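Okay, so subunit A shows up in both of these, paired with subunit B first and subunit C after.
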Partner chain A sequence: MVNYLIRRLFSMTIVIIVSSFLIYMMLNLAPGGPLWELTQAGSSRESALTREDYARLEKMLGLDKPMHLRYIIWLAGDDWLDGGTRKGVIRGDWGESWRVAQGMSVMELISSRIGNTIILSGAALLLSLIIAIPVGIIAAVKQYSKLDYALTAFAFFGVAMPVFWFGLMLILVFSLQFKAWGLPALPPGGTESLFGPDQGSFLDRLQHLIMPAIVLSLFQTASWSRYMRSSMLEVLKQDYVRTARAKGVIERLVITKHAVRNALIPIVTVIVLSLPSLFNGAVITETIFAWNGMGRLYINALTRGDYPVLMIFLLISAILVVAANLLADVVYTFIDPRIRYS
Partner chain B sequence: MTQTRSPAGIDLPHRARSPQRRVVGRLLRNPPALIGLGVVAAMILCAIFAPQLAPYAYDAQDLSIARQAPSPAHWFGTDDLGRDMLSRIIWGARSAVFVIVMVMIVNLGLGVPLGAAAGYFGGWVETVVMRAADILFAFPGLLFVFFIAATIKPAILTWAREAGWRDLANSGYLDYAVVIIALGVIGWAGLARMVRAQVLAVKEREYVIGAQAIGVPTWKIIARHILPNALAPVIVALSMGLGDIALSEGYLSFLGIGLQPPAPSWGNILSDNAGRYWRMFPQMIWMVWIPGLILAAVVFAFNFLGDGLNEALNPELVD
Partner chain C sequence: MRKAMLVLIALGVLAIVVACAAPTASPPQVVKEVQTVIVAGTPVEKVVEKVITATPPPTQPPAATKAPQPKTLVVCMSQEPDTLYFNGSNMMVTTLTLEAGYRDGQLGGIDQRDYDYQPIILQKLPSIKDGDAKITKVKVKAGDTIEKDGAVVKADKDMELDQISATFKMKAGLKWSDGTVMKASDSVFGYKTGLDKDSGITTRYTRDRTASYVATDASTTVWTGIPGFVYALYNTMFFEPLPEHVLKDIAPKDIKASAFGRKPVGYGPFRVTNWVSGDRIEMEKNPNYWRASEGLPKLDRVIYRFIPDTNQLTAQLIAGQCDIGTQDALNTDAIPFLDQAEKNGLLKPYYIPGSTWEHIDFNTQPTKAPKPRVDLFSDVKVRQAIAFGTNRKEMNDKILFGKSVIMDATVPATHWAYPKDDSQLAKYPYDPKKAEALLDEAGWVKGADGVRAKGGVKLSATISTTAGNKPREAIMQIFQANMKAIGVEIKLDFPPSTVLFGRGKDSDYMSGNFDLMLYAWVAGTEPTLLVYTCDQVPTAALTWSGQNNTYWCNADFDKAYSGFNGNLVREDRVKFTADAYKVFTKELPALPLYQRVNVYATNPRVLNFKPNPSASETWNIEELDVKQ
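Take a look at the complex of A and B:
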């Protein structure tokens, strides 16, 4: 196990370093580079960027150095060189945002957003678990019943539903239409009210959370319930379940004690693999509901060419995805002693 | 029943139903799969015959008839700029089908040869291919698609302008290239992993060893003996993935990094109309409902079809 972990950690580190290098190259090697947009906007107008301005900007942002050096400076800093001030990502200097929040440190920017994303993704994760596992168990126990078919139809619906359309429809019905009918309506977007007596209160935030959490959890709930169903069906065919029934254990106990606990094993992997979303957020859902989290930050940084923010975001995402993969494999050995890595 | 003569000179009864026929038969006896097939066929017909089917041009604006409710002249109404929604949706089918087909070709063209080579040759080929796949898998899928689309776009535009194709660069056709590259570059990795696993399972079979023993060239062993026997899960994964491609194109265009208006895409029709819709509530219900319903129906159809194919190809897997 220790050997296995060391090998995995080693290859993980390599994957992360190589992928961070590749993203850096992709961002910076694209024709025109990070200042592309500036040269485009002014190319035919009086306000065109002069050559001197361009050179000054390049120097200010450190883009005048060769590529490999820039990557090393980004990663490890340049305070050991003459006149360098950067400490590098690995020593906690994540740089400053260029556009999204000009001049703000990336770390501050991310920590101002991550709370919202953890709330939303966490709520969606919980909601998915609470619904998907019982649904999967029931569908398996009552296999081929009308209920099973209905739940299967629901799963299809959840997997195939375009998230942005579902979100828009919820806003349409529960915010706009309900308001038009004079019913209590849910807020159409944001993380809390902008004004009013209970702005920022728990109840206020909860109201804002309901629709995005439902939209975000729909896909997960649907696919996890399918996993749970097939895992449960698999377990119900096992000899130990037949044995339990044969020795006269009542059916409810067979299901809860013998079947469910074993059927949950593969589900744990699926859940662990979805943990990085607590950092990444959900781009589409956050965009529709104007939820000020990581997903929206990412799209903002992407469309406005905010490279320092993008680099950190993708780096952390990559680390989390790879770590979640490892965690899933390790957790597996703990909950299922039949599995051994060597 | 016809008799076929085997090389050894023994008379064999002709197989009444080929495996392909049996798969098709099972597929046609599956109602959801049939519905899926019907919707997909309708979509493909819309895509092929868009110029004949669409009553108006997809970008024909007429502000005097903006925001009309569905009527005999405009079945799905008109949008904010007076464009006929039915025409935009039919042309949108063409965008969607084009993107799906091209992405599938890119995915297959990269994933199958790379996966097969990794599985068959092993060694450094396998290391390079699989590590490249690992790197792609290190990023959350859709986020990486967005990243690629947003970063290659200026690159492609600059390149087209420098090559003197200013008209092309301004036309919006290059947006299709951006979407196709972004989705194609990501999708091959999963396919390559799957093909590799299949090839590993098949390559020790007797018929492969037999082919090697009689000196069949390597490419022919891979193409004729290994791949056809390893493709069933690939077909299923692909057909399940088609809906995802349609959805991803919708997401990209919805976020404004895919196809740009006036190019017709269900994603940008939705985002365009939704943005204007809130101000106009509740007069313009059709503007958001119809394109969304159609996109949802298509994704459902692909899922049904994929599921049906899965059951038809692997009858023993169905519980």
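Take a look at the complex of A and C:
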């Protein structure tokens, strides 16, 4: 196992370095960039950027250097190279934001959003698990019953429903119509109230969380419940389940002890692989509900060419994806003793 | 059965979690109810409700009455400012936020309403007529810095040139938000900070053309331009003050990253108390505001929120969580919805034809591009035919719901530079018959497929505009149908804006690799004329950086422009714009379409909201108020 882990960690490091290099190159080669919006300033002499201005701003951001050198500086700093002040990502210097929040360190910027994203994605993940697994089990056990058809219909609804439309409808009904009808209404968006005595309290934040968490979990719930159902059906046909029943084990124990545990194995992979979303956030849901999370930060940085923020975001995402894959493999050995790595 | 029960219990747990949230919502609901009363503002019925709530629970209302709610206004915009250090940002939302949290006046002490300038923290704007600005002839030696043909250069020989200077007097009683008196030297400090090469300032146009900027006493600054710089906006050459006492020990490049970048010490009506990155900026009344004795600002708190999604923002407006939706957040396609919401008394929309105007550029010299294209529009008759064949009224009515104004020249008709007597301008009302006649005259004959052709070349052009812009996409479709009716085939092309406006390569659109292009310019106080002059034609030598994308070059127009540019008296300048527009509208290198409509919406409780086409929506933030 230890040997296996060492090998995996080594290959992970290589994957991450290569992917960070590719990401860096692709960002820099894409049209646009951090200075692009400044060049679009306008039709007057005062606001038009001259070539001298452009060169001055490029130099300020270090964009005047060749691309491979910029990557090395980003990765390892330039204090050893030409007496600069950058330490580089591998020595913990994540740099400063160029456009989203000029002058703010990327670390600070990300830490201002990560909490909200973990809350939202975490709640959605939890909600999906709580619903999807029981729903999948019921649907499998009661295969082709009316309940199964109803749950299948729900799953198709969840998979097919576009997030932005569903979110909008929830806002329309539970925020605006409920308010118009004089019922207790949910806030249409944001992470907390702006004023009032309960501003920022747990309950206040919970109220703001309900709709985005439901919207975000809908797709996951629907698709996971289908995975669970088919995995469960597979297991229920196995010989050991029949044997258990033949031995006279009561049905409840057959399902929970023998079937569910084995049926969960493929589901765990799916769930563990979705863990990076705890960091990445959900662009559409966060935008619809004005949820101040990582997804919105990412889109903002992307449209404005904020390379330092983008690079850290994409780097961490890459690390998490690779790490989640490793985690899924390791978790396997715990839930399925038949699997051994050497 | 039992397993099913178990599972149902699991489902029940979830139901409880969700249900728990709903009842817990009820305690604060009492307070929320109070807010609804304020928001809805339907007087009689709501007052009765208040009485009822006041009687049964004796504990709750006293708490509410003890602490009067501070008057808070929430401004919701689509983007977040990148910094509040004004030298480092050119975002519209930064300007908007700075007007409350840092400065007074859109340009830093000077307002920009109705396409003109108004002094705010200055006693007056200097003028040559009044004697506080003057032009003098100065002797220049070879090697001195001068302006020649729009560029800052070293004089190649001894000569005599005009030099402008202007005196600015600040009003009495100006203070920084920390209580320190604002001095003229703070303005000079602002000027000098921007000179630093790492200041992050985007353009140094005026700084490069400044010979000296000095404080002559505690409240007076004098600006002197470099010889040869005849500048019509000399009266705005007051540099925005920066608090020297706060920033004197901070290097210009470090200001953005310092506390000042996000919580500046300013002279505006409010001061920043809290910036929740990504969500909002909170401000409170600045007790040291220079107009505090007049009872300004009227609000106690202002919150600027960042809500990128239009639907969410509208929902927040209706729910009373936003008071003002800014123009960057609302689009013209929301007009029917906003009108409906207004009928229901939920919000108040405003539609102001703004300073941004859309136009179609013709490529007038396609054969000279690095990648030569078929010549379709070098003939003025074809350009005029396209103009007559374009139903701009239909575009306005269908896409902008009739809220905009069709333009004849490159400035709105309300702009000072628009000729008083516009009968000299060529106009192009929708007239497809005239369009067809002109095309026949130019030799483009209709073929069997309905498309005109001349010498084997089809009159088939591609029009390009930025992807993802709904009004523009709709405009292009109307244009395509209009052109089909007169025998012109139009293909639509939607590159991303980074590609459409990208420069530097021979293959770029901006290097002449297009037939027709639809995009917008912004009319400032100075009319959009420069971008149609010959020296702005993009060339390889300039790495294609000129702004005259039509490649149109006309000596008469240039003559009118240089007369306009070299003149400082507005009455005379208007004569030159009349000449320029006479040539422009006849030659038509670009077809002006309409002014883009700025859409704003406020909660009905907002008072004194007075949007202006050339100012930001909250230019009078100190006078804004809310009904309570």
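One rule holds in what follows: the second predicted complex is superposed on the first by the 325 of 342 C-alpha atoms of A that agree within 3 Å, B and C clash if a C-alpha of one lies under 4 Å from a C-alpha of the other, contacts with A are read in each partner's own complex, and residues count from 1 in each chain.
In the analysis below, a contact is a pair of C-beta atoms (placed from the backbone, for glycine too) under 8 Å apart; a residue touches a chain by one contact, two chains touch by 3 or more.
None of these values were measured; they are calculated from a predicted model.
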Superposed partners subunit B and subunit C on subunit A - clash or fit: clash
More subunit A residues in contact - subunit B or subunit C: C
Subunit B versus subunit C as contact partner of A:Leu206, first or second or both or neither: second
Partner chain(s) touched by A:Gly189 [first = subunit B, second = subunit C, both, neither]: second
Which of subunit B and subunit C A:Gly103 touches, first, second, both or neither: second
Subunit B versus subunit C as contact partner of A:Pro197, first or second or both or neither: second
First, second, both or neither for A:Ile6, with subunit B first and subunit C second: neither
Which superposed partner A:Leu81 touches (first subunit B, second subunit C, both, neither): neither
Which superposed partner A:Val283 touches (first subunit B, second subunit C, both, neither): first
Which of subunit B and subunit C A:Leu176 touches, first, second, both or neither: both
First, second, both or neither for A:Val141, with subunit B first and subunit C second: second
When the two complexes are fitted on chain A, the stretch of subunit C hitting subunit B, from 255-263, 489-497 or 579-587: 489-497
Where subunit A meets both subunit C and subunit B, residue numbers: 30-32, 36-37, 168, 172, 176, 188, 287
Interfacial residue positions of subunit A with respect to subunit B in the complex: 11, 15-16, 18-19, 22-23, 26-27, 30-32, 36-37, 143, 156-157, 159-165, 168-169, 172, 176-177, 180, 188, 230, 233, 276-277, 280, 283-284, 287, 298-299, 302-303, 310, 314, 317-318, 321-322
For the subunit B and subunit A complex, residues of the former touching the latter: 131, 134-135, 137-140, 142-143, 146-148, 150-152, 154-155, 158-159, 162, 243, 247, 250-251, 254-257, 267, 270-271, 274, 278, 281-282, 285, 288-289, 292, 295-296, 299-300, 302-304, 319
Subunit A residues touching subunit C - in the complex, by the definition given at the top: 30-32, 36-51, 53, 56-57, 60, 96-97, 99-104, 108-109, 112-113, 127, 130-131, 133-135, 137-138, 141-142, 168, 171-172, 175-176, 179, 184-191, 193-198, 203-204, 206-207, 210, 251-252, 255-256, 287-290, 292, 296-297, 300, 304
Interfacial residue positions of subunit C with respect to subunit A in the complex: 2-4, 6-7, 10-11, 13-14, 17-18, 21-22, 24-29, 31-32, 35-36, 69, 72, 74, 79-80, 82-83, 85, 88-90, 150, 197-198, 200, 202-206, 233, 253, 256-258, 261-262, 276-280, 303, 305-309, 311-313, 315-316, 318-319, 321, 496-499, 501-503, 521-522, 524, 526, 528, 530-531, 542-543, 545, 547
